[in-house]
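Just so it is clear, A, B and C label the chains in written order, and each chain counts residues from 1 on its own.
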Amino acid sequence: MSLILSIAVDGIAYGMILFMISVGLSITMGLMRIINLAHGAFALLGGAVVHLLTTRMEVAFIPALLVAVFAVVLIAVLLERVLFRQIYGFTELGQVLATIGIVFIMIASINFFLGSTILPIGVPAMFTTSVDLGFRTLPFHRLVVIVSGLLVLGGLWLLMERTRFGIYLRAAVDNRAAAASLGINTPYVYLVAFAIGAGLAAVGGVLGAELLPIEAYYPLRYMVLFLIVVSVGGLGSISGSFFASIGLGILDTAGRYLLPGIGTIFFFVAIAVLLALRPNGLMGKAQ
Amino acid sequence: MGDGLVIAGLCKNFGGIQVAQDLTLTLSQGSRTALIGPNGAGKTTFASLLTGILKPTSGKIVLNGHDIGSLNEAARVKAGVAKTFQITNLFRDLTVRENLRLPILEREGRTHHTFRRADGWPDIEAEIFRLLQDLDIQSLADRPVGGLAYGQQRLVELALTLAVKPKVLILDEPAAGVPSTESHLIVEAIKRLPPDLSVLIIEHDMQLVFEVADRIIVLVNGAILMEGTPAEVVANTQVRELYLGAGHV
Amino acid sequence: MTMPVLSPPKPSRVHAVLGVLMPSVCVLIGAILAFLMFPYDLSFLTRIVIMMILVVSFDLILGQAGIATLGHAAMYGCGAYMAGLLALNVTQDPLLGLLAAALAGGLVAWLSGLVLLRTHGVALLMISIAVTMVLQEVASQARWLTGGADGLAGITIGPLLGLFEFDFIGQVAFIYSVCVLAVILVFCQILIRSPFGLALRGIDGSASRMRAIGTPVYRRKVTVYVIAGAIAGIAGALAAQVTGLVGIEVFNFSLSADVMVMLILGGAGRLYGALIGTLLFMVVHHVAASIDPFNWLFVIGLMLLLVVFVLPKGLVSLPGRVTRLWRRA
């Protein structure tokens, strides 16, 4: 019983992290129809900034997180303007190569400035305490992650359903050409969506540092994981990303707890079978 | 068995929506049939059902006595149902000659050969040469097809489809995107098609339809509204209201 | 028809044979020069040659048929393990090792290709990566067979054709690898010029048009994937035989990515592109990585962006572009 609970809590927390990092990738991939392998770099950058601020400058965790998100959004806006805008027009293969090139440069740069070891993050002491839920105790960190994930989900839902920008975004995901012909400023929608996605990735990267440690190779090491979430959930689908993240989080965690050794094999076989049967993902539109 | 393509009770549902309802018609050998109808009438769906891109929910497609309804796209081409594309769809980086070589090799069942040169069959090379002469583009034979003028590309496209020697040919908006100054080339090309070939033309350009078709099928909301000679179709008030009245340009 | 029937131009036979042999001749000349100029770097040169075989095999699927995968290491790795296991347990004959590895690579390509070639785009990339990861995990878990994370060590290979012992400096290994590359290049040139090769380029150009002329596109894709997988398996076997080691890193994602980068760098769709790209990549890697492995990542990232933004058809297109610029000026 407690094993099942542990799997559930760890799996859901892990899933929330995956969701926060991947949802932006899903939106941009669905919106701009590009294959972006560089998304994990934003999580890495967020983690790196918080590492610098908390461990080397002794800034408190929350302000450091805010600064990191702001910095990552700024970098994302710059990158979108300078590089990604051109990449949208490339062939599928060109997109794979260009974004993998960006990943390599990012890894080399982080290593140049911060080295190749794990970059620890100074979390508040509270994170390491436990919370008593009556029937069992939970690590406070897990609780923070799960609540943050739900907040992000709710916030995105409000953004998509209740704002003009959300309408524009949904229209553009649905049919780019039609949206543009209706007078929607699609380049602006792309830019904002890209920046929001990068900012969320930074939050996910920082909060998830305990599960996915921040280090130079981060964007390459977890690239496949994030892309799997996106392709299983279906490109451009927020709810798809959410359910895929939670499902994969629980699947992966269960595999590790119950089938040590062959858990990874089980995980990837499951993914391959699922994608072979539903190439457009669980919630993806048939093409 | 030369009774042509017989389509009986063809239906297609997407979820709850019926996009093809009980389509029944015969394209007899050598006939020139046009399929018209307003946008969203299901013309493209119908063409996709014939070529095997879509599988019908129910109904039969029989070509000269053989049921081809369950065959996939490539196998249907082999059985004798070929189509041209609405938007030019050629191997842009290959030369004109290579573009023509591919369907002929395929028709002769030779594209699985790995140890002979693709241009190593004199009979095929001679056929390509004749096609180039017919199209009057011998001088462009070794240029990438992407560099040809659009009208010429449409003709190469037609030649590619004819090279598989189909029994039934589906022309999906053959004049789409062709400037009006060149559309007579398309009309001439259709008139020059082999007389024993059954042709189904899906087209918006009514002038072209009346010039080449001997029978017209009017499709509305996935069902056949009427079928008849061009004169009968023009005379039908329902058709006038639904289609010609609104969009007769 | 009263039109005079002209006969089509006949391709010259000598010309055709020369065209087929040319890449192999270039490789042999290059190999002889390299052998004489760098007699103490033979193991590095052999690595380049083996990589060339792997990249040429990838050119068949990406360059010719336009199938973009990120899992070419799967077949390479299976070939390497097959050759290693065969040498340790059954026979030390190197050529039988290559044959078994080709079968192993082809079999893995067939089984995985049946699934992944039904998809395209992101799903295709993901499944090809997943297949490689599964194989890596299997290799790391099946300790009784593969030695797990330690890999297979102490592989010894018998004399080539029963005559030539593999020597300590690696002369025989180098010549052996170059000969295998030359044979594979001839095979690929014949394949590319065949109707099957033309059909592959047709699939790259427009799969929907290929279906519309009656080609079973999926079947052709599976066939080329199996052929490329068999050649990748041979490359893996050569690596196992000349180094005497096989480890789970043969399935590393970075190998699949490197192979793609090398091909794109040189120019996909051209065998010369595969050869030149591999040579450049390996040499720059050798130099840059000996200074600092992270510098190397920076260099390769920059090269990738340059190629994609400035030279999308790779280095082999450079001469043509320069002459065109020259003429315009």
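Odds and ends about this structure:
In the analysis below, a residue touches a chain if its C-beta (ideal position, glycine included) is under 8 Å from a C-beta of that chain, and two chains touch if they have at least 3 such contacts.
In this text the structure is predicted, and so the values were computed from the model without any measurement.
Following the contact convention of this document, no chain is adjacent to both chain A and chain C.
With respect to chain A, maximal separation of chain centres occurs for B (centres as means of Cα atoms).
Taking the mean of each chain's C-alpha atoms, the chain whose centre lies closest to the overall C-alpha mean is C.
Separation between the centroids of chain A and chain C, computed from CA atoms only, is 34 Å.
Centres computed as Cα averages put chain A at a distance of 47 Å from chain B. Rounded to whole angstrom, the centroid-to-centroid distance between chain B and chain C, based on C-alpha atoms, equals 41 Å. The part of chain C that touches chain A in the complex is made up of residues 62, 68, 70, 115-116, 118-123, 125-127, 129-131, 133-134, 137-138, 141, 253-254, 257, 260-261, 264, 294-295, 297-298, 300-305, 307-309, 312. On chain B, the positions that touch chain C within their shared complex are 51, 73-75, 77-78, 82-83, 85, 89-94, 98, 101-103, 105-107, 110-119, 122, 125-126, 128-130, 133, 160-161, 163-164.
On the side of chain A, the complex with chain C involves touching residues 29, 35, 83, 86, 90, 92-94, 96-98, 100-109, 111-112, 116, 216, 220, 224, 227-228, 230-231, 235, 261-262, 264-265, 268-269, 271-272, 275-276, 279-280.
Those residues of chain C lying in contact with chain B across their complex are 3, 5-8, 11, 16, 190-191, 193-199, 201-202, 204-206, 208-217, 220, 223.
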